[in-house]
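Before I ask anything, here is the structure I am working with.
In order of appearance the chains are A, B, C, D and E, and numbering begins at 1 in each one.
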Amino acid sequence: METLRDKARELLAARTVQVIIGYGQGSGGGARAVFVREAAEADALIFNEACRQNLAVYLMKPEVRKLGKAALVATPSALRTILQLAAENQVGDHDLLALAVHAAGEVTLLATLQAIEAHVTELDADLSAAEKAELRKYEALSLEQRREYWQEQFSRCLKCYACRAACPLCYCSRCTVECNQPQWIPVPAHDLGNLEWNVMRAMHLAGRCVNCGDCSRACPVAIPLYLLNQKLISDVFANFNARSGMAAKTDNAMSIFKPDDSEDFIR
Amino acid sequence: MKTGFYPGCSMKGSAREYSESLLAVSQALGRELPEIPDWNCCGATAAHNLDRDLALALPARILAAAEKDGMYEVLVPCAACYSRLSVTRHELLGDEDLRRKISGLIEADYRGTARVLNIVEWLGGIPDLESKVRKPFAHKVACYYGCLLVRPAGIVNFDRPEEPRSMDLLMKKIGADPLDWAFKTECCGAGFSVSRTDLVARLSGLILDDAVQRGAEAVIVACPMCHLNLDMRRPNIEKLAGKKYNIPVIYITQALGLAMGIEPKKLGLQRHKVKVKFTQGLAKPPAASITPASAKPTAGAKSASGDSPAEAPFAGPSAKRGA
Amino acid sequence: MARIGVFICHCGENISATVDVKKVAAAASRIPGVAHSVEYKYMCSDPGQQMIKNAVREKNLTGVVVAACSPRMHEPTFRRACAEAGLNPFLCEMANIREHCSWVHEKSDATTNKAIDIVRTLVAKVKKNKALLPIKVPVTKTALVLGGGIAGIQASLDIANAGHKVILVEKQPSIGGHMSQLSETFPTLDCSQCILTPRMVEVAQHPNITLHSYSELESLDGFIGNFKARIRKKARSLDEKLCTGCGLCTQKCPTRKIASEFDAGLGLRPAIYVPFPQAVPNKPVIDREHCTYYLKGKCRLCEKICPTQAIRFDQEDEILEVEVGAVVLATGFDIKHGDFFPEYGYGKYKDVIDGLQFERLASASGPTLGEMRRPSDGRVPETVVFVACAGSRDPAKGIEYCSKICCMYTAKHAMLYKHKVHHGRPYVFYMDIRAGGKMYEEFVRRAQEVDGVQYIRGRVSRIYERGGKLVVKGADTLLGARPMEIEADLVVLATAGVANAGAEELAQKVHVSYDPYYFYSEAHPKLRPVETNTAGIFLAGACQAPKDIPESVAQASGAAAKVAGLFSQSELVREPLIAVVDRQAPPLYSTCVGCFLCQAACPYQAIEKEEIRGRDGRLIKTVAKVNPGLCQGCGTCVALCRSKSIDIQGFSHEQVYAEVLALLNRGESDV
Amino acid sequence: MRSDNHVQHASQALADRVLERTGVEADRCYQCGKCSAGCPLAAEMDFPPSQIMHLLQLREFPEFSEMALRSHTIWLCLTCEICYARCPMEIDIPRIMDALRHEALARNKVNPKAKDILAFHRAFLDSVRTTGRLFEMGQIIDYKLRSRHFLQDMLQAPWMFLVGKLHLLPERVRGRRLLGRIFARTLKAKEKRP
Amino acid sequence: MSDFNPKIVAFVCNWCTYAGADLTGTSRMKYSPQVSIIRFPCTGRIDFMLLLKAFANGADGIIVSGCHPNDCHYSSGNFHARRRWIVFRGLLDFLGIDVRRVRFSWVSAAEGAKWAQLVNDTAEHVRQLGPFSGYHRLRGLGVG
């Protein structure tokens, strides 16, 4: 923790960055995002197992961007988010640097996207064995069972869009939900609209989601949205050999194609 | 981190001098070459001809024994054994199921950690070999690579499959004049030494003929089988060709040994069918001759490199045309 | 409020036989927004069209649906009729109740109901249609032709003869390309230079053609009709205006032993040289890599003797900027060089040569002045082996594809050899003889039957030298694959035709796609063989794939016709069915967030980055912009855009959404 | 023989079995003949390598597969690897030859002309099986017994002995019993001795 | 079940399948009238949301068809579409939505007979699956 604070102080003192986006003490032992702008305030920074939020979400907030160049206290997911945002032309080297934090407490300063790439290459970007097993569990259900399961899950959806707000990759200035000519997603929270919203949200993250899990954590009614994301991560990798958030300059899996992509379902 | 030594069966018998010369040279170079403990035959051509699992299991047992003994690389001077060991390592490393299966057969876990080296590779890795030369081996030689030192390219990953040059470079280091000739990698008849002597005589004859035609004083080999076919089968070759070839066939280690000033006897030169006359101080070139023929090297025998534009043949008309 | 007119056609009885057209008209009239609904026997006839025109005017229609045949048949007809009546043509849609309904279903209520569904769907669509104006793109009527081989020459002449300006850029000091190196040409055996050089001279003298030889394209920006090209004119070390081409400098130059590129390395040239006597332009160039002055700082002999003081040692490359409306790529091909076939000794033995070298040996202007002599010792070769497919159809060491021209030129070579050395023995090792072409098969037969060329079906395993002869080890697969050896004096490898070394770099400069072998890709393999996927850039000759002369010339003329067509009007008018990126008032400017996922997906590189800046020049945001000159209207970007910030005119979100809803929801109009 | 062909046809084509065991596709061959042109023994073969490939390709004609299996070629192949090194389609022909030999052995379809070659291989492996290494003297005697070429090399052996190349007693490997088990599980388990 | 007439919407590209369906007509081949076509410039234009909208509005089955690979009028729109459908199908299936109700096909301008066959097969297939009431009910509609 001290290493992190020292690094933060150093960066702020040298005016290398104008703000540190990091974790601070939240209520009830939790963690919350803090924005440290003075070296003297660096003691507000913490890092412990409660610090799970993908802070990269703040990189896309105009009010945070206004503060100037940021140093982001970054978990592996956040690092991949940064690369994905870079690949989508949303951030560049001049916007940020990353303080990669590790469970053991060390901190690595990654000053460029290239450095983040090098760092991320070393990480295991694959779904964990437990995640794969859980996916397989749902895939093994019958079609009807899956339908019932998801209908039950989506029936709780309030269309509060907390999932969207928590997602660092849902940064559109106008979400399709807000289109009314035509009205792609019905406004009221009924089963059909809930399904359409959730399918659309998942599809818009295909080839982009880095599996940080913040959408599920944000959901007030605990819909396991991560399952949908992981399903698409798994399918995109299996079919296109592509992983999101691994490179700062790369074409999105859904923007390109291979002539020999599978078409066993096309007759 | 030691380099193991796999002699293979012929080096204990018919190719005894290859082993003797190698050990004499390695000793002089101060390199220890411990034998792989309780090594067995690699199975040679016979095993892969008759059974794939057997052909993989025999070399795997050898390599597993080397690994167990802490060897990180294994020198396999016999090109045939080298091939079998290389193929086995390549296949088992590329197929985990197969590796497990063969490990089961040999009742040991073969991991594939030990690299397989051929003799040219091993000698090439010795720094400053030139400085060890006492008596430059100043002879025109035809380096004969045979088949298995360089092929299949994807498995042995050594030199290039056509027009290899590693052995020629080594020969240059010891003062020899390696010739450009056409049969560097043509087959001598290999494992048919006994069963189809007729074919061996024909194929080996072609090799000797080209070497002699180009004025070689010796054929340099790195394989007991090649040696057997080119040297011990000489009577058969000569009978078929209807002419005599006096050109000796020398193991690469023997040539090196001679250059390093090692006594010929220690190098086993006396064991050859075709006597090596350099050892008797008879340095009257050309040592090799053929009957009946003039062994004049042909003009085109040397590399016809076209690098230098000054050699362009039609300077006359071209220059005229420019005028 | 929409006022839609629905016009239902009987198409004689083609529609009315199975669809109750009266019922359809009645149902249509009940669709909200429909102000007029009639049926008529032949809607496409003059009276039918007149009905539409009258209704548009009289009923003040805001949209028209013609329920008749396929829009692929008569959409232009009815849109024109609407336009004549003063209605924007893009407010007219067709409901296909013939091909998709009356012709494919039996007479029944279901068929009539389907026709009503279709009409309702198109009415819903047309209500969301917007008046569109055709896109007009100005056209600069100058063509840029890259490459001065036969394809580039032909394209340039055709465009120039059509009355348009041409800028022809050639990398080498002279135009002429590979064709100028050839001896005779198949299947007629006429002399290559005799037919080529008049064309070269024509290029030089044509008032509409500006030739930049010894020049290369530096960059290309813009789009169809409006390209900006930068051309690097490499320093010739010569004032071209002063040089008279007298040739004194090339005769006196003391550095004379440089391998001649034109003679494929078989002849020599000086450091200041004209590649060949008929070169266009006939002005020398100093080869700075070999010139003594550039290497050692002294000599300058050419400068001293030049009667017009044209030599300029300090000349520098010059960059020209030109504006052009179309580009023709005619950069040609190369043959595979180097020692990629160690078993054949190519590069090792002087008497193992490639096809182009053989052309120079056979050419009357070649290093032997047309006498058949082999490179090593100048002897007349008594036995010559020609090896076809040397690198072609060879994934291991060469290329996978068939180089197409080798079968023919190998037959020609064998023939030319036999014509020059009557007692000579030509052998051809081949795998298949591919002689599809006018008089081609006959030509190959002639080589075998009349000239006695021995054809052996098999690939050569190895070539090595023995006693001054080249031993060729082959096999005849038609005779049980028996191995055979031929002692040859000369071996000619029909080495594969490959893309130029700089092909990829050029493709990236001009944004055209290329295949895995770096040949340029045509827009459609059958129907658009001279266009590239980038509008306004066309292909001619062997830069697209290996080609022989007639094919190259035909394609060049095709490309020229495309260019002339493009230049036939001062403005390019296109249907406005293209994608557009949303624009909004400040502070949003656009709902586009600039993720540019659409950019990689666009098959036409039509999506550009637009920087929106404030009055102070500060960058506010970077958003996507569709270049209307390049967009072809496929809509792939539209379906990809998450924020629905791109839409496509004519198939907009609103239109297709309305169609889906209308098709599936039968309202009051339901029967 | 006819019925046998039909059995083979009904099950799996030879080319497919070869593919399954070796991963090498004979179907890639387009009959350029470069392998046959470079094969040192093509002239002695009943079917030069390119023809063996074609025999395999025509899988609908089991009699052709049978010809490949019964060919002298597969036993003459020296595994010199020159065909593979030069094959434009990179077909590992020597591996196909290995697989065909194994198949011919297992199905008892060895070409009679190959008996000396086979006798030599068997003598060789017997020597390895019993001692762990090749005992050249023993092998030669064994080979002579099997091939009945008693007079061959009558002058060679004494010379070898004289120059110290021939040992009269075999070297024995300590792990002989393991080698015995390896042989029992591989060659012996599959081979039908004639 | 036998009197169930499914509603099927076909999303097709203008250049291949629309023209192929025209050819079915000019060849006077007959097929089931339960299918209606909506024309798009290219399969690349087809938004996955439109498929959901079709189901929501009462479709029992959907056909999506365009040019065969390498025949796309826009050279690669169909390849992009194919990639989109790979992912979309996987997701629908995961959510328990029966992807057998969406038939993807390549029908060229010359394949009039294939179009008729495709429509008939799909109609029969969807007829056997029955009304997509599970989905239609989501909107609170009793559409069958």
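Just so it is clear, contacts are C-beta pairs under 8 Å (C-beta built on N, C-alpha and C of every residue); 3 or more make two chains touch, one makes a residue touch a chain.
This is a predicted model, so every value here is computed, not measured.
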| item | value |
| --- | --- |
| Touching both chain D and chain E (chains) | C |
| Touching both chain C and chain E (chains) | A |
| Farthest chain (mean CA position) relative to chain B | E |
| Contact pairs, highest-scoring chain pair | B-D |
| Central chain of the complex, centres being mean CA coordinates | C |
| Between chain D and chain C, distance of the C-alpha-averaged centres to the nearest whole Å | 54 |
| Rounded Å distance, chain A centre to chain C centre (Cα mean) | 44 |
| Centre-of-Cα separation between chain D and chain A, whole angstrom | 61 |
| Chain A-chain E separation of Cα centroids, rounded to whole Å | 34 |
| Shared interface positions of chain A, touching two or more other chains | 176, 184, 254-256 |
| Chain E residues counted as touching two or more neighbouring chains | 48, 70, 76, 80, 84 |
| Overlap residues in chain C, where contacts from two or more other chains coincide | 343, 601, 640, 653, 657 |
| Interchain pairs in contact, sorted by label | A-C, A-E, B-C, B-D, C-D, C-E |
| Chain B residues touching chain D - in the complex, by the definition given at the top | 9-10, 12-16, 38-41, 43-55, 57-58, 61, 105-107, 147-148, 151-153, 161-162, 185-187, 189-192, 194-197, 199, 203, 232, 270-273 |
| Sites on chain B touched by chain C in the complex | 160, 162-163, 182, 210, 213, 298-301, 303-306, 309-310, 312-315, 317-319, 321-323 |
| In the complex, chain D residues that touch chain C | 30-39, 42-43, 47-51, 82, 86-90 |
| List of chain C residues in touch with chain B within their complex | 250-251, 256-260, 263, 265-270, 273, 277, 342-343, 347-350, 365, 367-369, 373, 375-378, 464-468, 471 |
| Touching residues (chain side chain D, partner chain B) in the complex | 21, 40-41, 44, 75-76, 78-82, 84-85, 92, 94, 98-99, 101-102, 105, 116-117, 119-122, 124-125, 127-128, 132-134, 136, 140, 143, 147, 152-153, 156, 159-160, 163-167, 171, 173-175, 178-179, 181-183, 185-187, 190-191 |
